[in-house]
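Order of writing sets the chain letters: A, B, C, D, E, F, G and H. Residues in each chain are counted from 1.
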Amino acid sequence: MTHDAPLKVAGRDLSSRLIIGTGKYETYEQNARALEASGAEMITVAVRRVNLSDPDKPRLVDFIDPEKYVFLPNTAGCFTGEDAVRTLRLAREAGGWKLVKLEVLSDPKHLYPDMAETLRATEMLIKEGFEVMVYCSDDPVYAKKLEEAGACAIMPLGAPIGSGLGIQNPVNIRLIIEEAKVPVIVDAGVGTASDAAIAMELGCDGVLMNTAIAEAKDPILMASAMKHAVIAGRQAYLAGRMAKKTYADPSSPLAGLI
Amino acid sequence: MTHDAPLKVAGRDLSSRLIIGTGKYETYEQNARALEASGAEMITVAVRRVNLSDPDKPRLVDFIDPEKYVFLPNTAGCFTGEDAVRTLRLAREAGGWKLVKLEVLSDPKHLYPDMAETLRATEMLIKEGFEVMVYCSDDPVYAKKLEEAGACAIMPLGAPIGSGLGIQNPVNIRLIIEEAKVPVIVDAGVGTASDAAIAMELGCDGVLMNTAIAEAKDPILMASAMKHAVIAGRQAYLAGRMAKKTYADPSSPLAGLI
Amino acid sequence: MTHDAPLKVAGRDLSSRLIIGTGKYETYEQNARALEASGAEMITVAVRRVNLSDPDKPRLVDFIDPEKYVFLPNTAGCFTGEDAVRTLRLAREAGGWKLVKLEVLSDPKHLYPDMAETLRATEMLIKEGFEVMVYCSDDPVYAKKLEEAGACAIMPLGAPIGSGLGIQNPVNIRLIIEEAKVPVIVDAGVGTASDAAIAMELGCDGVLMNTAIAEAKDPILMASAMKHAVIAGRQAYLAGRMAKKTYADPSSPLAGLI
Amino acid sequence: MTHDAPLKVAGRDLSSRLIIGTGKYETYEQNARALEASGAEMITVAVRRVNLSDPDKPRLVDFIDPEKYVFLPNTAGCFTGEDAVRTLRLAREAGGWKLVKLEVLSDPKHLYPDMAETLRATEMLIKEGFEVMVYCSDDPVYAKKLEEAGACAIMPLGAPIGSGLGIQNPVNIRLIIEEAKVPVIVDAGVGTASDAAIAMELGCDGVLMNTAIAEAKDPILMASAMKHAVIAGRQAYLAGRMAKKTYADPSSPLAGLI
Amino acid sequence: MSEISVTVNGESRTAPPGLSLSGFLEHLGLDPRKVAVERNLEIAPRSQYDAIRIEPDDRIEIVHFVGGG
Amino acid sequence: MSEISVTVNGESRTAPPGLSLSGFLEHLGLDPRKVAVERNLEIAPRSQYDAIRIEPDDRIEIVHFVGGG
Amino acid sequence: MSEISVTVNGESRTAPPGLSLSGFLEHLGLDPRKVAVERNLEIAPRSQYDAIRIEPDDRIEIVHFVGGG
Amino acid sequence: MSEISVTVNGESRTAPPGLSLSGFLEHLGLDPRKVAVERNLEIAPRSQYDAIRIEPDDRIEIVHFVGGG
């Protein structure tokens, strides 16, 4: 039985190929339990102003231990390279981490990245010494540009953030994977377990999701489903699926019938 | 976190919802290792004439222990109710088991069941005291007739046996599940892990497969992939997936941006 | 350019491969205009009790001329062979036609045919000298039985009546077409123009639809869309589509660039 | 019945919403007959060096009359804005037309556009007074940038050029259409008639194809199929399709059964 | 002489005695050319409408074509 | 005394006369616990293997479990 | 001596004069180890919290990690 | 007087000296109305074909429309 190497991002080994977001949960406590059920080692987090009027309200880090999990600060809500750099400088100071997730958005309607601005921001961040995992469109041409600019992971969207529509364009994801030398992680679009399995069967190195778990009726159970789905898809990819056939092919021997 | 009850077939509890066939493996030894990796407790087996010229060639039961796994004798290769009954009487004598899998085939081109003959054979077998799990088309009307005739499990095909095309008609599988009071187990058609996850997400009680594992480049690893896929799909079904959305929906808070 | 032969059903030539139902229209007048826009020559009609309290209310035949169109009486609403035969005897007396559409339904939830009863009714009707076009499931085995029983057209459902879900199982439709010597006409399931084109591209001889036209916002325009869709799908089938390719293939010459 | 306005591109009215390429045909004569069968009024053409060694070999313009059809010179084979501008200046001189199709390619493996370079070339061409129809990725963000730069038509790819895989990402095409004020024409990816119908049903203003016709076994008949498919899809879009339903809905009245 | 009672399309109706089927259809205001009739589970051929007499307690079905899919 | 001839799994075979089914299976080199036997279209219960005698022209099927889907 | 006024996270606030950044965070009831601070568009390194003095009209951003996708 | 040499569509060619572009196209057997010409990276307007003189070492591109997608 083939054995799988861990996912390696910017020199870091991750035993789980599932990365989860920490938004949209009812409570940080639910979030922490879903994280545990998911088996994920890396989580995305946002950088926001502290609440001055109520400094004592629950904090993410009181429920999820930055010593135990890899925190991946994101730039959700940034629409320019400058916003992104400013946000991530603060993140680096707050957490002391150089590994970040860049997203530079355009229209809130679809929350697709502005790829021209995303590429510019990637170059700015790399110049400042960040290790940049980049949320991007599924355009193989821009994926290549990002890799050439020094991105340590390419994170094409499978479908609009929070839509749960599943991988819309397997052809593009496949083309990106064929060309990439850094990890390709589908980010956004997964709605249920089979979507995650399909992404991994295409040969992705990992999957990042948030809403599919947080908005399931039972987020903890869905987190476990996603853990298994990512393993299933990865193992199926490595195992090499059977060929599809147009007609039937019996599973029991034809000889020796009474 | 919701907890799942075991799959109950004819009063028997099965902790795994994956049932695998034992055909098409290179060796019984490979078969046994795939079975172990799959976590399945129930396997289908065929009944065939012993080889008189070489009575000492390896036997299935020397590699897979009938005390440890539930053997499910099938009627693969039978085209009439009479053939099926005769075959299963021998199976019962050989193994001492009443629980059997009925398949009454028609055209070898697609290996679809002849549903009229399948229903007739089901009635004959139940009259003889068998517990009958029935391979059938995905026609919800016949699925109901089989249940009314006393079948202990309905096993609609997802696609032609050995084709690996995946679930062709989720609408019919869903309609069968909505009406059935006995377990519904998709039998045939699964080609890779996500196909199994999709079947379970539809609400099936289990999945039966053979070629998808036996004809994978690495059958042992694919068996493990299928174990995880069935768990993933089942848990996703129980967890209740998020609603699909036409547009994006951000995962990070909009408030508190610097 | 290949030329297409007309669709021949029970010795009758039909220049259009589109057959439309006459239910669910706002008025018979709208129905008549949609029929004209569709280019169809054959329509299905139901047999129902006359309204004794208001004998003068508008009648279908006052808007659609039985001399100009082929009326195909159906047995919609019948659940046994006896009901169907009784209904069609009346239809034959009312219209003087032997060509009928049989449907023997089961559960109103999905309006799928009861295939065992459908086959029995087919035999009864053929014994009485009817020419029977049969609404059936997409089970290739029963399609063959119907043909052997003497059905003059096999009409597998593409999806539940009135659902507009499109062809759910192209594999089964293809298998039916490969085996059939009588016309195969997809009946039910079409929701929009491309669904009809897809059915014809599979090699169907025709398509029968009702709701897709009657419940469109503009039924007359949708009727015209369906006329073109059926021609498009038929011609594409006859023309023989290009092979699908995994990668790109330029349409302009690579030589002679400045 | 709703009536459709003609497709208006850069002030020009086109009665057909189908645009076809002129590559890959066996002969210009076959090309001309396919064009006639397609009903298209606009064709794409490439600009290439004349053959000095054989100045008398057949010329496109001897078979397809530039007075009768709108010639749309393309920049197929160009990988930079400079190449594209140089090529189209020659095209303008050769034909006297300002309306051109820009494509700036990247990797020959997928022939996807380099969107950064495509946008730059669009700006250069518009500065020179060209009317530019732009082949682009299906990224809604770049589609908007192209429109803001002055493109007179947005031509997102449905799938890789010459692949015949059909529209891969209907979500993106839909998002582009919702935002665009200039015509959106799917360019590349169509493989058969239903693919063209699906593109039009999404609300595209037109479809451009080449290989699907030129590489069909019978290009003339496929050209006719595409004519009907584009009309069918457009009319279905304007007519407004029925709602999809999860269960059946009878087409014949339930009342009045005997 | 008193009217007779028959069942038509599931409703009970009265009619003058001795009516032919033609007369009965006319009595109901129906155009014989646009309907088909079943009498006591037997088809009544159009050619027999004048010959057939309506009897007390006849069970009659009168149908026509309506829009249907 | 001469051998008798029977049909086993479609092949004709000979056997010493008067053999029990147990003896016959042993004669064929088969382990009785791993097969099932049909004799002249009737199941031969394992408990009867010693009692059942092989007769001339018996049609015997001897089966076991093999891999199957 | 009168309080000075600064802008924190877009809100105007007052503070005692001459406070270090550490003191100011304490004044706001915030745990310095769980936040990051930007002062007049420059990152304030945690190591400098004691050295940095809050000046009138300073524009200060104080952030931390929250759940996000 | 000796011929001059020019590059046409990447191939080196010779031509009689003093030819106009019209003359040169004719010399190549090309119909001026069906081609477009670039001379030393500048478009040669059709209206100028008679006026333009071919000089030694000119780099000339002569194109026309061909089938393309």
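We take it that contacts are C-beta pairs under 8 Å (C-beta built on N, C-alpha and C of every residue); 3 or more make two chains touch, one makes a residue touch a chain.
Everything numeric in this text was worked out from a predicted model, so none of it was measured.
Asks: Which chain lies the greatest distance away from chain B when centres are computed from Cα atoms alone?
Replies: Greatest centre separation from chain B goes to chain H.
Asks: Looking at CA centres, what chain is most distant from chain D?
Replies: F
Asks: Of the chain pairs A-F and D-H, which one is connected by the greater count of C-beta contacts?
Replies: D-H
Asks: So how far apart, in whole Å, are chain C and chain H when each is placed at the average of its C-alpha atoms?
Replies: Chain centroid spacing, chain C to chain H, equals 64 Å.
Asks: Hey, how far is the Cα centre of chain A from the one of chain H, in Å?
Replies: 58
Asks: Provide the C-alpha centroid distance between chain D and chain F, rounded to the nearest whole angstrom.
Replies: That pair's centroid distance is 75 Å.
Asks: Round to the nearest whole Å and give the separation of the Cα centres of chain B and chain D.
Replies: Here chain B and chain D have centroids separated by 47 Å.
Asks: Mind pulling the chain D residues that touch 2 or more other chains?
Replies: If we look for residues of chain D contacting two or more partner chains, we find 21, 23-24, 46-49, 74, 76, 86, 90, 109-110, 112, 160-163, 165, 210-211, 250-253, 256, 258.
Asks: At least two partner chains per residue is the criterion; list those residues in chain F.
Replies: 9, 38, 61, 63, 66-69
Asks: For the complex, which residues does chain C have touching chain H?
Replies: The touching residues are 250-253, 256, 258.
Asks: Can you list the residues on chain B that touch chain A in the complex?
Replies: Residues 1-2, 21, 23-24, 33, 37, 46-49, 51, 74, 76-77, 86-87, 90, 108-112, 160-165, 191-194, 196-198, 201, 210-212, 214-222, 224-229, 231-236, 238-258.
Asks: Considering the complex alone, what residue numbers of chain A touch chain D?
Replies: Residues in contact with chain D: 106-107, 109-110, 112-116, 119, 137, 139-142, 144-145, 159-160, 163, 165, 168-172, 175, 179.
Asks: Quick one: which bits of chain H touch chain D in the complex? Just the residue numbers, please.
Replies: Residues 8-11, 13, 28-30, 34-38, 41, 43-46, 61-69 of chain H touch chain D in their complex.
Asks: Going by the contact rule set out above, which residues of chain F touch chain A in the complex?
Replies: Residues 9, 38, 61, 63, 66-69.
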